[in-house]
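Quick heads-up: structures coming right below.
In the two complexes below, subunit A is the common chain; its partner is subunit B in one and subunit C in the other.
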Partner chain A sequence: MHVEAISELMGFVFPNEQHVTWTVMIVLYPYITGLVAGAFIVSSLYHLFGQETLKPVARFALVSSFAFLLFATLPLLLHLGLPMRAFNIMITPSSTSAMAGFGIVYLTYMALVVVEVWFSMREEIVNRALAEKGFLGFIFKALALFDLRVDDRTRALDHRVVKFLAGLGIPIACFLHGYVGFLFGSIKANPWWSTPLMFIIFLLSAIVSGIAVLILLFYVISWLRRVEVDGPCVQTMANYLWGFMIIDVALELMQVLSIAYQQMAEWEALSVLIHDKLFWSHVVLQLLICSLIPFLLLGLNSLVRLGQRTRNVLIFSSSVLLLIQVLAMRWNVVIGGQLMSKSFRGYTSYMPGMWDREGLLVAAIVFTVPFLLLRFFDFLVPLFPSDSAIGKGRL
Partner chain B sequence: MAGEAQQSGGHSGPEKTGILSFPYSRRFFLLFMLAILAGLGVRQYLKPSGFGEIGFFRTAALDEEAAREPTLQGKGACEVCHKAEFDAHEKDVHLTVQCEDCHGPAAEHVQARTDGLAPDKGKMFRELAQANCLACHRRLQARPKLFPTIDAAEHFTRMGVTDSSVKCQGCHSPHEPLFLDRKVSQARLHPLIHACTDCHLDPAIRSKALPDGHVVTFQCKDCHADVLADYKTKPHKDLECSTCHVFHQDSEFSGRIFKNGNPKFCLMCHQQQPFRGKGSIPQLASFEAHRNEMASDDADRQKRCVDCHAEEKIHTMHRPAKSVVVGEGGAR
Partner chain C sequence: MIEDGSDVLDRASLAVGRRQFMKIGLVGAFSLLVPFAVRAAERAPYKREDYTWGFIVDTTKCMGCGSCVRACKAENSVPDGYHRTWVERYTVLANGRVEVDSPRGALDGFPEDPAHPKKDVAKSFFVPKLCNQCATAPCVQVCPVGASYAAPDGVTLVDRKRCIGCGYCVQACPYGVRFIHPQNGYADKCTLCYHRITKGLPTACSQACPVGARSAGNLKDATSRIRALLNSSRYGVLKPALGTNPKCYYIGLDKEVV
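== the complex of A and B ==
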């Protein structure tokens, strides 16, 4: 196998670049982190900016953000040979380390989301505490901190806290995800990564993937509960999705086009990377299939008067394609950047294994766990408001 | 749903609710503060003592590092007892490879021998497997073209080796890989030779003619055209010049090129071996027996392989005058 891998080298590759060391797990990490930031933005659109049509999905978005956040660092820990060392960046943080900065931003954001989730779910927790008896009842009473009052004043306070945290959370969410792009963008030896645009591209693609996954979940849950999909809610999300994906894809193209148009020295090498090594995953999958088609479909959905059924097809398929688009983008950034040698004269290859320690199966499991956790959260307390169609339906 | 919750009578007026107005909010923020304090406490507890006092490390680490006994001894320590191996090693192309690179750290070994302990104490690593040699000599795209590398399967096929589990030492000596008959530093300096694939990616480029205006390159045939023409008529013709005249790169521009008449060098390919197929390469069961058999006097008994076989099998050793032509019509 070692020999096979070697035979796929092209040109001159430095010895430490033949083997791609950041693999599927490092692709998955910014992907899941992106879902966190995107879902949080949707939640804030309701809580902070009063986008009423998003009310049915607002709390679900917040809890999704929490579920993804809990597992965002898992791929990183699985990638490390000695995962316990990861905590050193928080025990002895260096002021000049971007990764240590991430530890602090991640912890802050986690604390913020936990507080916001608790305040936004408090009434539901109290209701369960009152409804349940025995041990489960005790657990819910403990979760409600043994104070079961709910009235307009408590609701007003909870709402104020949630609104404040939603506002505070936006810059932190931007920081959390932008930082991932910042890490890649700071690697100045690698022209495929080294651009200040990386920060903003990662952030926007995060928002795109976050909205897309919420739309997808909203549809799937509505279908599972056999209720009508809330048209205005998905339409609002689809409009935001369209807007954010346009800016995101425009910036992704701008990053490549600016290097190509300036004919900078690295373009000679990058053009081979794009046209040869990443042709299918970048040009065909990321740009042609998963960017162009959703752009047209969502444009049609936003600009043309259509029946709800047609809209559902357009929005659902666009969301699926955009989720793949962002995954492909993560792949092309993380893996693509390692395929090109720093010699600018050679390329290596990478094909993920199915059963490896960091293979596709492990990636699939890691990616599935947050969704199972969401299902468990919904078992604890209803994630959708009881006055919405999706909240009334049960599995 | 909210109606089921406990209502705390009639405070729904315009009264201002502060962040700590209710027991639950007070408890929550108390809990939150406790969590932060616990986190800081845990961090303080886990932080190694002395960390950050004089730099981004534990102060005690300085003394700990300074107190560590060196495990590597350097090749000078080996020379004291293993003079023969040391001299052979110093002469040949592995001279820059430290003894401990292959044999492992020698601290315990040296200590055990100094203390006069039994031979089984402080034993060095001796049983080099294929993988040990291939750690440096496996053919990889990234390795410099002039560094000797092999694809093990291809090498065995070429050498007629039928048992692929054989160790490299079956033919090669790690102490004197080329059995050089003089020191590397005494071998002639030679300019760097260019290969087409140094610049071009496609190996097929080697069979193409140089286009007009191509940058000047430096290859064997440019200076040694007559030797090469003779060589191409002999049985060894399919081997590259550098198979025997190994090039040992010294710098970006030059290296040493060997004219090696040591019979052991020829016997690396031509020694009969249990792991080599009979009909693959002409082989000798015993070089000494062969030489004695063929010799007619004492002078013959000192001859090397090339003294008898070069003219017929390799190429004429006595180069005609003006073999090396530099200038117009010569080196390109």
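== the complex of A and C ==
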């Protein structure tokens, strides 16, 4: 149920707005879909655009995307007032609603990712099906759809299919996440959300968070396996991360600057929102700490000749900060937009509970499960090809 | 004996009298119902296509007693802490500052304002708020499952059996009139007392208002009170720039009210 937090009011808030309707779960939902879209785009950079240095992480990126995608809707389900009716959104969609297309977009993308993951892993699945005996062998045979042929012809076909799906997946991934931005950007009642920029900001921040989480996982996995991290691979990802974060943060700043400069009627209320209610989470955390520092560190990494150890420190810490930056951005949009009353005369406050259905503990569990799932996928089929620099075998 | 005979006679006449009394009583009782029966026969069944419901609030009359808020809560079982209607108090101070409050949505009316002595107040007025019954309602537009819909008679309603409780309509309403029911999980808001107005009864809030500051009416009926008021007064709607085309009209609307 919706959190009955004790809200601190400032000024005049419409009586029904004292309760924040969209909670931390709705912060988590665009965050997780962002990781999906970002990771997918990294995988496509290799599969489609032939960015060879990304080969060690390409398939892992694709599987990560799949793992996050499986849990992207869970926060929504936890949030719904009547979750048993969740499928109504697919059975009886309303054609005028921006939200109604969600089911179609999500399922299309899910189907595409599942097929692409299968084709990219087919050979490994077949190898395990041939190696394993008994029940496990049967499971792998079923996963291979009982077709155990592997030769140059099948490899070529697998490769072609993966390349085609990687190409098709880019517009769909962009659409999936841009669409989430549109859900907010199209709400004219809320001046903090209502901007056409929201679509593109969500998309770029998704790519930033997706690349950042892959870099982070790549480092952690390399450390767990006690192997040197693949330098050119992380360097390529770090360069992309720097580029995308610059565009992303520039657009985030442009959004605020344009409404500030236009001095529309809502600006008076919005400026209090930014300078008071969201000062720490937006100005300090999102912009000063988590945007400015990674911008400088990644710039240093890209422009200056450095040793690999120094690079590792710069890239790793920037990735952590940018993951926090995107989470803070989601919070500032979703929660921030609801803190300001539509009376434009007052502000409410919100602090998620710890133990309730939409509380912090559940949010932490929802966010952790995809990572555990990745570990399970790695148990099924090794996520890193044996010829990659990250070493042989599984985690 | 004469006395006895007269006694028999009296009893006989009394027995007849009792029967007659019963007859007269029954006829009389039924005849009392005749006007109701005639009225029921006269009243045509409710035809949605003959109506476009609107609402009018006379802010110059409202005195902030909160009767409408209490009546609405009682009529529609509005959960504590949420409001289908509320009343706002605007206090314009002599120094130009504007202060707005609505303690508990004016469920208990308004207490005296000790913070502002009379000499500091330039003007003060009350504004009741409720669903604006927008002709182009953003809540209807965004509902992903069609649970929020506009009835053919112009009233925006929520189908509780379809609503999934996503809260998108709550975000889309520029007037803050919607909420997710804290116990039942569906979206809730003012229905213009649809169960009453379709039976020819006034809304609970307008019936309770002691000064006639608020009432629903048929915009299609040229002889309706709402049409007469719209034709004879200057009025405004809330947030017209958003293009929601509200059918809730405010007489004497001040620029401070949003």
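Methods note: the second predicted complex is superposed on the first by the 384 of 395 C-alpha atoms of A that agree within 3 Å, B and C clash if a C-alpha of one lies under 4 Å from a C-alpha of the other, contacts with A are read in each partner's own complex, and residues count from 1 in each chain.
To be clear about the criterion, a residue touches a chain if its C-beta (ideal position, glycine included) is under 8 Å from a C-beta of that chain, and two chains touch if they have at least 3 such contacts.
Remember, predicted model here, so these are calculated numbers, not experimental data.
**Q** Please determine, from the superposition on subunit A, whether subunit B and subunit C clash or fit.
**A** Once both complexes are aligned on subunit A, subunit B and subunit C clash.
**Q** Just checking: does A:T92 make contact with subunit B only, subunit C only, both, or neither of them? Give me first, second, both or neither.
**A** After superposition on chain A, A:T92 lies in contact with both partners, subunit B and subunit C.
**Q** After superposition on the shared chain, which partner residues are touched by A:P15: those of subunit B (first), subunit C (second), both, or neither?
**A** both
**Q** Could you say whether A:V161 touches subunit B, subunit C, both of them, or neither, answering first, second, both or neither?
**A** Once the two structures are laid over each other on A, A:V161 reaches subunit B alone.
**Q** Could you tell me if A:R122 is touching subunit B, subunit C, both of them or neither one (first, second, both, neither)?
**A** first
**Q** Given the touch rule stated above, what does A:L372 touch, subunit B (first), subunit C (second), both, or neither?
**A** After superposing on A, A:L372 lies clear of both subunit B and subunit C.
**Q** Is A:A131 touching the first partner subunit B, the second partner subunit C, both, or neither of them?
**A** Touch status of A:A131: first partner only.
**Q** In the superposed arrangement, does A:R149 touch subunit B (first), subunit C (second), both or neither?
**A** In the superposition, A:R149 contacts subunit B only.
**Q** Who does A:L77 touch here: subunit B (first), subunit C (second), both, or neither?
**A** Neither: A:L77 stays clear of subunit B and subunit C.
**Q** For subunit A, which residues lie in the overlap of the subunit B contacts and the subunit C contacts?
**A** The overlap between the subunit B and subunit C interfaces on subunit A comprises residues 12, 14-15, 17-18, 92, 94.
**Q** Quick check: in the complex, which residue numbers of subunit A touch subunit C?
**A** Against subunit C, subunit A makes touches at 1-2, 4, 12, 14-19, 21-22, 76, 79-83, 85-86, 88-89, 92-94, 96-100, 102, 183, 186-190, 337-338, 341-345.
**Q** Would you mind writing out the residues of subunit A in touch with subunit B in their complex?
**A** My answer: residues 3, 6, 9-15, 17-18, 87, 90-92, 94, 107, 111, 115, 118, 122-124, 126-127, 130-131, 144-157, 161, 346, 386.
**Q** Please output the residues of subunit C touching subunit A within their complex, sorted ascending.
**A** 81-83, 86, 88, 99-102, 104-105, 129, 138, 140-146, 162-168, 170-187, 242-243, 258
**Q** Considering only the defined contacts, which subunit B positions touch subunit A in the complex?
**A** 1-2, 4-8, 11-12, 15, 17, 19, 21-25, 27-28, 31-32, 35, 39, 43, 46-48, 51-52, 56, 140-143, 151, 201
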